[in-house]
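Shared chain: subunit A. Partners: subunit B in the first complex, subunit C in the second.
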Partner chain A sequence: MPALRTSTPSRAKHPASAAAPRPGGYAGKLLRVNLTTGKIWSEPWSPEDMRELIGGVGLGARILYREVPAHVHWDHPENRLVLATGPLAGLPVWGTGGLTVVTRGAGTDGPTSTQANGFFGANLKYSGYDAIIVQGVSRKWVYLHIHDDVVELRDASHLLGKDTWQTQDLLSAEYGLSGHQLSVYSIGPAGEHLVRFAAIQGDYGHVASKNGCGAVMGKKKLKAVAIVRGTHGLAAADPRGLVQAADDIAHDLQTDPTARSLYEYGTLPGVVNLHKLGMLPIKNYTTNVSPVDLGPWEARRLREGFDHRGHQCNACGMHHCHMQVIRSGPHTGTLVDEPEYEGWSGAGWTIGATDPQAVSWLNTELDRAGLDVNEFGWLCGWVMECVEKGYITRAQLGFDLRWGDVEGARKLVDLIVHRRGLGAVLAEGVKRAAAKLGPPARDCAVYTLKGAVPRGHDHRARWHEMLDTITSGTSTLETGNPVHPTEVGVPARVDPFDGVAVAKMVAGLRGRLGFEDSLGICIFTTRTRLENLCRALGAATGWYYTVDEAIRFGRRTGAILRACSLRCGITPATEYPSTRYASIPVDGPAKGQSIVEQWEKMLDTWYAEVGYDRKTGKPLPATCKALGAEWLAKELWGRSR
Partner chain B sequence: MRVLKLTPDKCTGCLRCELACAYMQTGEFQPAKSVIRVSPFEGHTSYAPYTCTQCAEGWCMTACPVGAITITAAGAKDVLDDKCVGCKLCTIACPYGTMFYDPDTRKAFKCNLCGGAPACADACPTAAITYEEVATADWIGDFAHERAARVLAAR
Partner chain C sequence: MGTVAVEVVAWVTKFVGGDGSGRKVFDEPIVPGATVRSVLEGLSTRYPELHAALWEKRELGEHIEVLVNDAVLGIAHTLESPLRPGDRLALLGQFTGG
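Up next is the complex of A and B:
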């Protein structure tokens, strides 16, 4: 394949607007790639667009809305794959390697916004780009090479069939670069075979996993994006102010009681803490009581149970991401990425596995294959339950698969990623596989009627997250967990089983996550007051940015994604949990609590609070106007309104 | 004299030092122009920061034909921009690879201990880089040797 060079626009061709100089923090260019024609070009974006869209999901939502019309389904060549960073990526705030993937995903055939960290954002911006926007379908498998102004599509036939870690190993060896000098974000065999919950994985353990974004990349025959650490500089409007804001954020993370455990142990404490609240899903929602002593699952012991090596993201001081070496069992000595809570849950508790060494190994196997650990957990747990109950036979699977069988689960991974046997059905994701098998198997499966799945919690004890997952425009969390809720006028605590109070909380917190996911920074290093994040953004860019503007921005982004979602045919009629997802816990702290009885009331409350039309699901004209998106009101409701 | 003490076992490879250094040296966040560099070992699993040790021999000073390298009050060897002619002899003379050349300015550049308050030590979140009154030593020799041996043994 001929190598293509970008025609990097000269200053003369694209003079900067005299009225509005480029805000600090930005690289200033968007990289466009058309895989059908092989054309690669860069385009500047205006300071006005930067202020309105920030980056990340804000930028991605605009591109999706404008460039992916209703008939462009997830597998259509014109679907866009947006790999975006934001203005804080590459700057010295903690955890600034952020990648946000926005596309029309294979899971729900609707919008996706899913994040990963590592060094993607930093390396891309040092190369001179704020985002990559991919369109078209390549004739042959290719990968995208980026090294400052040299951007090429290169033959990827030798990478085909390789897992995501092998892909990075091979490219690192070819380039003669190691460590963080080269970022590789790729799909594994799962994405190549268009598994509906295939993920994009990069820099050994960082996964943008939701809604089959890996299948979109696979459909485009784009195996990987390889970015050599660029040599360009990023300027901040007020560097001292930026460093001060970064120091304040770091101080908050180290000392604030709500963030400190994250600082010390990342998401490891989740297992034991969530078990105490009935939120740890065990054996596919069949129980919430651990069958084993949780002592070895305390964060400190979980971490000390492995030989550790630091593996932080760009400029990050958290004691969060680590590589670890398996100490016992058949995979002793294997180097893996320390699982997040989601990994301990999806590759462990959900499938009844309780040996940390085995779970940790399986978690990295999933990352390497390029599967979303959450959906794999719900799928594998469901298959295990079906095998136990006789709904799926050993003959159908080709092997036995009992609760907690990690080696068996690995065999299931192979079936799925190569679409072999029953794997062809399972590769379609939980909802479609459950529909195919029908009742009674179907009624044991955890999914949303939109076709997505929850993250790694038991939402029957975490109602706010079920409501958020199901009403979101992206198939996964759009509001997220309460972080300093009183800062935006939401009570610090609400009764977790009072549907109306929960719905008001979810509605009240909307906006923050969309803002965070546009900055090019990690969700875990933004667990500080919004005021601090606005200060960091302001110092980087030179804008006077307030908490109000941040919330309005996040909600506007949510409204645009909601409009995209409706255009994809995802209506309020699909805003329901599956039978098992909404079932009543039989034991544990949430025993007897029934969300399904309060569901309609929760939806009514949420719709009223967020200002969306309950019937059509559309953001109301007044809502659009208040969010600074009158254009959206006109497009959704017509000019007469 | 206070020196930059490097403890590679503590380094997590976050590259925060490179970012802070580049900012102090150039005013921009541009790790490519940092004079402290984090080297990876064993692929992506361990890291060590590395910079000028301000060695007593000062080969860069000896090699410089125009006397552009001087010793600052902090005890650092520093390049005088107005004297440097960009001949790169110092980058060849330095046995540690810690003299750099900037094609944009056409001058040599190196660690000058930020005038006595090194930004890298300040930025390091794990105290892998500290600024201390200790004798200069080979901070990463054993670390590198151990890892190289492991890599070779695995082949």
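Up next is the complex of A and C:
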């Protein structure tokens, strides 16, 4: 395959300081790619920046803030696509193949931070880079090939139209490499056709899914990034300390009463648990009561319902990721990726599908097409409800689409990714499609006024995630699920329908997720005490790193993303759920609970607790100062403040 | 004297001798003055793993969600709320994924 551009990346523009040695765990260089000019170069980043930004979303947020001004929308050539790892990636700690994608996304035209795992992070680090920063737009479709110091943009015309698994198959065959020897992250037809909720998928089942990052990649005509496992060394500052911390993390994951379920079954227990709490979204929020026995949906039976085997990410000992073979139905024998909870939800319960075999198949079809399973679920469920109520006709769709019709849902995928007929409207995502159809169809759609959608839960019974989703600087979870809340002084439990208590909890837990997403490690292997993660980071880098510093770092990153978000025009005026998203459950454990009545009070509390200005949305000067970001206060509020 | 049904769901059965699937239902006898706390303590005293997962000192820890008559504890009931014969408790594992 001839290379369009062949390059050993040019030398550093700014030689690293001789006085400050590079911290352990880092490759030490950032790889820059300009698709417009074809120029590829590397640049060092200083030990001071490493300490301040760590990696992942911390690094990505800074780049987005510095290099993507207001006029650079998601589809502008100067938009940046940051594919970042972190200091733990590639080291012998569980789940350290981590990739964080940061960009200005197509969904909200605002900041995005979305994670995936597999081997990307490890392979990139072993090639000598901590992150890839892509800018510009290629004239022809290309893919980025990285093999140690050889970095090339190669012709991708033979990959066009291929789904993400086919793309990895083809490149693996060309290279004669498979498994962890070649990590391929690519876009499917959805990204090629700029679907606003297109994802970037890699290593057979790992998806950076949020806010249309796949459409950004598609706009740049970058089909894939393929990284051969490099041969560069990667050293921890304190190898023995790192192994001790890694052992403690692994022990915690295997013995902690909560994390142990993740260790054994990944996110599979979610369906039964969340149903019992009224948090399982069934048929586009029209009910919370399952029409079927949930016995087959218990984690153990769900896994044993398939022929399966482990499909672990870099250095991981969890029994989390699995491949499975469909046992029954029209797709018997098909190899698929075991869905995460989000997949069972988005490709299943949200659209009224309750056959695990069919749902698992559809979930992988979505990964292969390169669609975010969450947004597809909300979109497909909405269309199904609209068909049932006569708001969308069979003639508009070209086929019938009833609740639970997985084969019909697959037809809808084709319609969307190729933007055919009504698919051109649906490809714009839930909010825009709902606006286009108008009421009464619009009022059945689940979305945020920012233009994002929730994860695969019914947030009407999970208020903390609704508040988090809507106030986040990235339009998806910024605080995430509570993990050992008492470690940071937050109560172990609060009344889930006390808006003020919920808002205080969300605000109090902020910071942890931003820290985790900067390390180059999987979110599921960080379900341990923060202290252990800080010890691992300290042993890797040689820093003395505290829990307080980790929280401050995560909150600082959140403040920077908030500033980016405001610059994109995403203001507090958009911090509301859609009519259906905020509706009152009609049945199930959360029946009658109304978040709308408490919403303003929740926002008031959240803003006061996090130290942002309620009117403008800006982080207050005192907040910036407390977070170690006086520079941000000056830029947001002017020097006089 | 009557009983209160304590339903231990799926993953939490691991802490009461199960395999992490299905359900185990314990019909716990109650006496006048029985509370959510006294019933839970009565059960967890017999199962050390459940006790460790359920309590942090004398308060509920972060690992297990407690439902009283299908509603999360803290809405209509507290640990000190009295229970009547026929009331139902459920113990669910906390879910950290998704």
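FYI, the second predicted complex is superposed on the first by the 624 of 641 C-alpha atoms of A that agree within 3 Å, B and C clash if a C-alpha of one lies under 4 Å from a C-alpha of the other, contacts with A are read in each partner's own complex, and residues count from 1 in each chain.
Throughout what follows, a contact is a pair of C-beta atoms (placed from the backbone, for glycine too) under 8 Å apart; a residue touches a chain by one contact, two chains touch by 3 or more.
In this text the structure is predicted, and so the values were computed from the model without any measurement.
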First (subunit B), second (subunit C), both or neither touched by A:T231: first
Which superposed partner A:S178 touches (first subunit B, second subunit C, both, neither): first
Partner chain(s) touched by A:G90 [first = subunit B, second = subunit C, both, neither]: first
Which of subunit B and subunit C A:D169 touches, first, second, both or neither: first
Contacts of A:N314 with subunit B and subunit C, given as first, second, both or neither: first
Which superposed partner A:A434 touches (first subunit B, second subunit C, both, neither): neither
Touched partner set for A:E342, first subunit B, second subunit C, both or neither: second
First (subunit B), second (subunit C), both or neither touched by A:N273: second
Touched partner set for A:I326, first subunit B, second subunit C, both or neither: neither
Residues of subunit A that lie at the interface with subunit B and also at the interface with subunit C: none
List of subunit A residues in touch with subunit C within their complex: 256-262, 264-267, 269-270, 272-274, 276-277, 295, 298-301, 340-342, 345, 455-457, 481-486, 492-498, 524, 527, 589
Residues on subunit A engaged by subunit B in the complex (per definition of touch): 90-92, 94, 119, 122, 126, 169, 172, 178-181, 203-204, 229-236, 239, 243, 250, 309-317, 323, 335
Subunit A-facing residues of subunit C, complex: 9-11, 14-15, 19-22, 49, 52-53, 56, 59-65, 67, 70-75, 90, 92-98
Residues of subunit B touching subunit A in the complex: 11-16, 19-20, 22-23, 26-33, 38-40, 43-47, 123, 125-126
